[in-house]
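The structure under discussion is supplied below as structure tokens; questions concerning it will follow.
Naming follows writing order (A, B and C), and every chain is counted from residue 1.
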């Protein structure tokens, strides 16, 4: 079957600096793909290129066969790709509940996720509904950010560095919500520095380094050494 | 590089010589026109330094024009001093007023700063309107013959064999021309100095500049005071020619700030030749559309808008981008490294 | 009793200034745009109402309902085709473009209507007065103040209780992330400016019925409006009302001592408030 998201030869530049060198990636419907790599590997650039925030200089992004390569960020959301941005980026002037509602501002999708369902996924969101978004702890903010993205009932959910700056127990709590998200039919791309978590949640893993994919495979098939090499770029022998 | 530089300098000297010779070789009307152009040029250069280089977008420079003019009038009418001394006093008075103005305005940022300067200028206007000794709200005129009695007018009258009035015109013209030249040279030297480098660093990124030891507040304050002085001098000299001062005229936002802003922007903000280009365009437009009244201002407004949308660096910026020619470049070269004895090759 | 009277006049005058300022506050709060043409746009609104009343014979209070949609459209177009193109981190381009716009509007009005003073006639209501306790207040000023409160109340409702308001706030916080939510900042800004000009039209109604107007009085209104916005604090609409009242009361008190001191008193109040609170009385927490 055709992949839901098909990325071919994606290249991106920041001015003269090339950040992505012909990245190929596919996401099948209902699957979860993890992208791991060190800082500066290009993972976030890839996410930004997909969502139209960073400029694509070559290659293509197809969503269910439709070319969305050069689409602007609002259009990407309308077509069904929602992002949980790196650093959460909640709106300080909005309450927790309003942050969730703004996720559905442009597109509510008539899908599974509603305000109530999202608040059930992360109960803290209902408890602190009236607090300003940024008054919550890092982990709680991450939950708001995920909920916000889910509110648009996206076909593809992009999660950029969920674990950044969070304690392990909080990270576990967040990833514990993933089975439910998967059950609702959302296909997910997870960008992670936490390799263990990425391997646990993904059907397929890609490792990036310096703007290129250096290793791909199913978590079960990849050895620790191979991942280590691909992540750090040193030869193990 | 040296050849074109020498050529440029040579051409500049010739142009300058011609400008200085104008009272001797050109009709009086031309000299008066040039005086008007130079007035706007000096104001534009000052505003350019303030907004284009120091990042201080002020809509209150008219305060210094007004204070410079009124201080000079006070010196002449109330104290009986020579107008030339009055001009100097005008400049100093403006600089002194800049101190409390800066104290207030520097607490504000960006748009707030702009509005703050405008309000302070309006306060100056309204306060001076209460100064009954100088005519209050209706203003006052220079006593008849003041210009003719200026220091140096007699000598010029004999030198050029013209009337007293024309000699006075020549004197004020030379004053303004010298002020313009002095400003241009001073700006160039300042911007190429370490302080100027610091200023441009602040313009680009204030926090980064701070982190390498540049003190933005002191630098900006210095620029603010110096441009106040320059603007005050200009206002004083200009009003010797105008001979009559009223609060509305001396503190006019339109004449002394709006036009000046347009000139600087259209010419090229943040560049040294910019104001010169802007003034020429401004005057050309004024001549062209003189018979059409308000249409001229509408055209000016539209051009200003167009420049901001399509050519942010102004006409001079456009020219530089297309041709690569850069008059008065402001780039700094790194200091020469100390010479080292013969370097060793790695083993 | 005279003091109470003066304070009351000042309060009501503050309502007029708050109306001048409300649209400005909205736009400034959402997109940090300093619209130097705002005063002239209010005057434009006054001339628009004048034209409608002259052409149709309608009462200004009715004409304003026709003028408002037209001004909304003007605001939308202005933002979409002109201001959106210069919005950014640099404050200079929008400042200069709106400066240019101010000059163009003033002189276009001059060309079209000449420098003659005009006035909107609301009829006998202009002379009516009401007695509230010890003070006698004109009906129009009270109406002006009430309108200011109503306008700010409605704007606040929009801001804090509607999806549009959420979009306003989100875009103002973080335009890039707002785009990730499917919001188009350009359209949000156009909405805001359109709304601001509707408020400006209401301000124009009260300005035009209160006193004479001509093409050149825009910039002074802009200055009072900005003083009110800045005193109130960025992002606070009720703050803008407070700011307007501060200016109004200061001007009234100053004028009661010496009529020539009216505007000066307002400016001095502005300077004093800012010396004590450089960010205004009720600034947003995050800026």
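In the analysis below, a residue touches a chain if its C-beta (ideal position, glycine included) is under 8 Å from a C-beta of that chain, and two chains touch if they have at least 3 such contacts.
Because the structure is predicted, anything quoted here is derived from the model rather than measured.
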Distance-maximising chain from chain A - centres being C-alpha averages: B
Dominant interface by contact count, named by its two chains: B-C
Separation of chain A from chain C, taking each centre as the mean of its C-alpha atoms, in whole Å: 44
Inter-chain centre distance, chain B versus chain C - centres from mean C-alpha coordinates, in Å: 34
Whole-Å gap between the CA centroids of chain A and chain B: 55
Contacts with 2+ other chains: residues of chain B: none
Touching residues (chain side chain C, partner chain B) in the complex: 28, 32, 34, 82, 85-86, 91-93, 95-97, 99-104, 106-108, 110-111, 219, 223, 226-227, 230, 260-261, 263-264, 267-268, 270-271, 274-275, 278
Contacting residues of chain C [partner chain A, same complex]: 163, 166-167, 169-170, 172-174, 176-184, 284-286
Interface residues, chain A side, partner chain C - complex: 51-53, 72-74, 77-78, 82-83, 85, 89, 91-94, 98, 101-103, 105-107, 134, 148, 152
Residues of chain B defined as touching chain C within the complex: 51, 57, 104, 107-108, 110-112, 114-116, 118-120, 122-123, 126-127, 129-130, 137, 253, 258, 261-262, 265, 269, 294-295, 297-298, 300-305, 308-309, 312
